[in-house]
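You will see two complexes here that share chain A, one where it goes with chain B and one where it goes with chain C.
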Partner chain A sequence: MDKSILLKVRNLKKTFIKKSGTFLKRKKTEVYAVNNVNFEVKQGEILGIIGESGCGKTTTARMVMRLMKETEGEISFEGVNLCNLKESETNKIRKKMQMIFQDPYDTLNPGMRIHDILMEPINAHEKDLPYETKYRKVIEAIEAIELKPAEDFINRYPHQLSGGQRQRIAIARAIILKPSFIAADEPTSMLDVSVRAGILNLLLDLRKKMGLTMMFITHDLSTASYMCDRIAVMYQGKIVEIGPTKKIIQHPSHPYTKALVAVVKDLNYFIKNREKLILDGEVDSTKEEKGCPFVARCPHKEAACHTQVPELEDVDKGHSVSCHCHTELLEKTS
Partner chain B sequence: MNTVLSVENLSTYFKTDKGIAKAVENVSFSLNKGEMLGLIGESGCGKTTVAQSILRLIEYPGKVVSGRVLLNGRDLIKASEKELSSMRWKEISVIPQSAMNALNPIFTIGDQIMESILLHENVSKREALQRTKTLLELVGIDGERWRSYPHEFSGGMKQRVAIAMALACNPKLVISDESTTGLDVLTQAQVIALIKSLQKKMDLSVILISHDLPMVTAICDKIAIMYAGNIVEWASTEDILKNPRHPYSQALLNASPDLSNPEKEVVSIPGSVPNLVDFPHSCRFHTRCPYAYDKCRQENPEFKEIKKGHYVACFLEEEGNHG
Partner chain C sequence: MVNQKWKKYWQVLTSNNIGLFGLILLVIFLLIALLAPILAPFDPSARVGDPFMKPNSQFLLGTNDVGQDILSELLYGTRISLLIGVIAAFISILLGCLVGIISGYYGGKTDAFLMRLVDLVLVIPFLPLMILLAAFIGPSFWNIVLVISLISWASPARVIRSQVLTLKTKGYVEAAKSIGTNITVILGRHILPGVIPIALSQFVLAASHSILIEASLSFLGLGDPFTKSWGTILYYAQARGAFLTDAWIWWVLPPGLLITTLVIGFAFTGYSLEEILNPRLRKER
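Entry: the complex of A and B
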């Protein structure tokens, strides 16, 4: 396929074992955290992954970043299949792909100064450089994340920084080795509205300057629409809809996406029409896979939805949805 | 319209090792019958402290140092403990921040709702149970599930139980303190829809405390915006959206992305929230305000009505040179 695809994920699955029952009658059930996920991230693109808590967004990212082993499937980065690599080879790849985590209060070691925090990735991957070069890299990284003057920050400890500044340092740590790919896992959800915008704009700016490719995980559709070129909507371990941001926002095709867009776009419309958009239902990922994952809460369900798992199908160029009823729904709304 | 709650010059301070933290200072607003007021601001700005002061739940080292809280004409700040307990639940109640922790895990939800009814009203156990079932139905839960324990419910359902509980004794005023934070987007919207429909049905007055500006603007009649312990602007939702006067309100509106306006560029507010300990007598926003001038650094602007029902605390209003 075309060269511009940086990351390709095929049939990715992750199951966890859930133990239940009493001591003598212990039962083990498999829980699908990520179930048959396929997507691609093109060079220079930001792909958003949205969904509610427990839908498998973070698990997907952790598998892509090789922080977790997949149960099944294939992840290829720059044409190399990451799944069969040895630990030493994986470490080399890590230089090119970095992650930004959700909680800036947890990700920075409180006992280390900013200088040491930022030196760590360099020492892990480019140990042999002279100290002056390494130091210059640290200063450049701090300047890149717009903390000025950089010299003022290098001797501070994380507790001397605000939440927004800490997240900036976490970003500096991720970009210091000039990676080509970054996975950002809810980088702004712990921050206040007033600093959130700064972090989002910084990431967009870095993408432009460094030609970064990004996977941006969030539960907030409006943030995703601001940041991303394409959006993948996950529900219960599956991608239920994927497409260009504009298409997803203007013509959501999956009932789950429709409800999500309605809530964020016009809460009053959602309140008035909520029976038509979503049913009160329980989310249970331990249930055996049978039928559509959204069936319990879907207001449009048909017989097939209970028995057959829908596949991702193209509705438009680059826009696919997995829903048995999307064609009828499309007719209804247009 | 008749006023249900009126808060006048409320100040709540906390004693800390480093000095006195003025968590809430000189806060005034009122709430009419059947009105929904959104109290919004960032974390640490004093939203919850305002709610706790109204409910008289502030404990040492905190203290309500001045002000009045009139609930249907009675001052809650001066009320005795006995008067207060007769008013809580019956006249004023709370939907707590996290329903998961607010419910007692070892009692059935029916027992917990009945407890508040039996404690405050002179009814038989049977009648209380009947009312409990009706309440559960009201929030969209099968009445027969009163026998269930909290762990048998999902997060959204527990939140519904907490709402049912807050309504158990037919209060006139309900304070919802970030009651949907932590729920998933769709569950959150469903809970908000429920609160809104109950508010209309029962003609409740509601104070909705939240940090979610889009949500508050969608469902509240009026909005009060807090910053670092002060209410900086209080007006109808329409005025806040179309004609925000305080620089902080304007900045806040510009800080979050808007799905219906994809071209909008979000702008962050430079700097960070000031330390509230021994804060000097000046406008609390001046360190981050693009329009700040000498006067802002020396005096605290008064919270004034600039138009009917539109209150702002900013010197730019007086000078008439708003940017």
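Entry: the complex of A and C
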């Protein structure tokens, strides 16, 4: 089984230091952006990471992509621990792992033509190839993302493309080196709903053709359930529930997941159980770790929730949740 | 799109009266500098008349203390003033870009160190220091250039740093990093193009400063004695008592006016360039 695991994240932590107070009474508080995250991505699967804004999903992706240094933890990709690599070695690994960013209006340099934008990854890793080969790769990549005819697009500037087309170009840039792993950071959240499905289907299509493994970050449960084989739900820097998409959607065990699912699934159920489901209260990631991170907003809290930090426990094969009361909750709903 | 962008810049520049005026002034001075041998009636270093002659039909601005034609001196002086201004500005912008980009991109301790250095250079009372430097390393064309550049790289560096700070948070810079592009390529392809327009406007403003500084140094007698700039002419006028006699009208006033006009030319062009780069300053027309 270990052989098929492409990416493995162990005890990943990221803290930011918040300075406050005046010169003499300076206080440094640690803010947890990502707190003890563990997950694995198997060869060929799409792992969804969902959660609200600021829950640490993008930070996790940025650490995996080595755009940010982790505070603690271990990330291994194809058996290589990425955390101890030097900059030059990291750059070599980057050939195999690419990222698709959220904002297609921001990630393409407005002063560069599509040709130059797509040449950039090739020049970074396969500079010595003859120009004809490089050019053919660029054309192939544009064709792979279904912008036809490719020659029409090659000399355009990003501002001559629509949002959907730009995101396709960003995808082309990510797949042009034929990587084995792609992290997609909310690739459809800035796009019109009408274009979204096209981009999602393109990603699924590419995955089938190229055998891509993906980490798909989103805040939208319906997108995640469409795309992903497994889903990890993050809350305040922690994974609160992880499991196969079907199980997460049909039998959500954590109260936070339940709330998310309820909103998407059935508006009537949401209206009826409003009190139980509504997520209230302040989010404060600076306070010390004491009890469940969700306790302030949880409708089912018990005494233990305030004092003990819940660990991820298996509820089913491949489905784990970190909640003290999940067994009772399961009984209640079924 | 790049061509369109420059066309648009050109439109803003020329639709702005002040900018157009500045640009025309600069072109005129450039022509004077280039055509000095044709325009000047005499060799500026030859004794062509009696000393201290008043303006007449032969010597339009009279002659100086050794009988050289002041008009010819002024025309040739344009070359020196312009050249020193432009070269010094170019060097200081180059230095400013380097420091600004390194400081802005790398951040952290490098940034802190370089910016404190900039602070230091900015708060030094520059005229006394320059006099000291110029006197210490001796008066020559390149020494003057060096002294001016050493003083004036700091404020462009700060402006460019702030531009780099905004550029480096752009998605495409981050994307380039995640692709694995190495740092020199990132700086060259993604950061530098965004910095160039700002550097250009800073260059024009720096040139106007450099010309003023050169004039002040030369006026104090610290200029190159073998290549007479406008400042040097003023120095001799002052040394020979022209300020106290009627001679100030043709010996002191013309170089003074020329310096002022050239500086205004650069400053106006610079301001309208800034307007191009900072669309919020643009007036609705």
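Operating definition for what follows: the second predicted complex is superposed on the first by the 329 of 334 C-alpha atoms of A that agree within 3 Å, B and C clash if a C-alpha of one lies under 4 Å from a C-alpha of the other, contacts with A are read in each partner's own complex, and residues count from 1 in each chain.
FYI, a contact is a pair of C-beta atoms (placed from the backbone, for glycine too) under 8 Å apart; a residue touches a chain by one contact, two chains touch by 3 or more.
Keep in mind that this is a model prediction, so the values were computed, not measured.
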Inquiry  = Under the superposition described at the top, does placing chain B and chain C together on chain A give a clash or a fit?
reply    = fit
Task = Spot which of chain B and chain C makes contact with more residues of chain A, would you?
result = B
Task = For A:135, decide between first (touching chain B), second (touching chain C), both and neither.
result = neither
Inquiry  = Output check: A:92 vs chain B and chain C. Expected answer is one of first, second, both, neither. What do you get?
reply    = second
Query = Of the two partner chains, chain B (first) and chain C (second), which one does A:198 touch, if any: first, second, both, or neither?
reply = first
Query = A:16 contacts which: chain B (first), chain C (second), both, neither?
reply = neither
Inquiry  = In the overlaid three-chain picture, which partner chain does A:249 touch, first (chain B) or second (chain C), both, or neither?
reply    = first
Task = Considering only the touch criterion stated at the top, classify A:173 as touching first (chain B), second (chain C), both, or neither.
result = second
Query = Once the two complexes are overlaid, how big is the angle at chain A between chain B and chain C (Cα centres, nearest 10°)?
reply = 80
Gap in Å between nearest CA atoms once chain C and chain B share a frame through chain A = 12
Ask   = In their shared complex, at which residues does chain C touch chain A?
value = 1-2, 170-172, 174-182, 185, 189-190, 193-194
Inquiry  = Per the contact definition, I'd like the list of chain A residues that touch chain B in the complex.
reply    = 52-53, 162, 164, 192-201, 219-223, 225-226, 245-246, 249, 259-261, 263-268, 270-271, 274, 278, 280, 282-283, 297
Query = For chain B, which residues count as touching chain A in their complex?
reply = 42-43, 140, 154, 156, 184-190, 192-193, 196-197, 211, 213-215, 218-219, 251-252, 254-260, 262, 265-269, 272
Note = Note: in the complex, chain A contacts chain C through residues 65-67, 90-92, 94-95, 98-99, 101, 103, 106-112, 120-121, 123-125, 157, 159-160, 170, 173
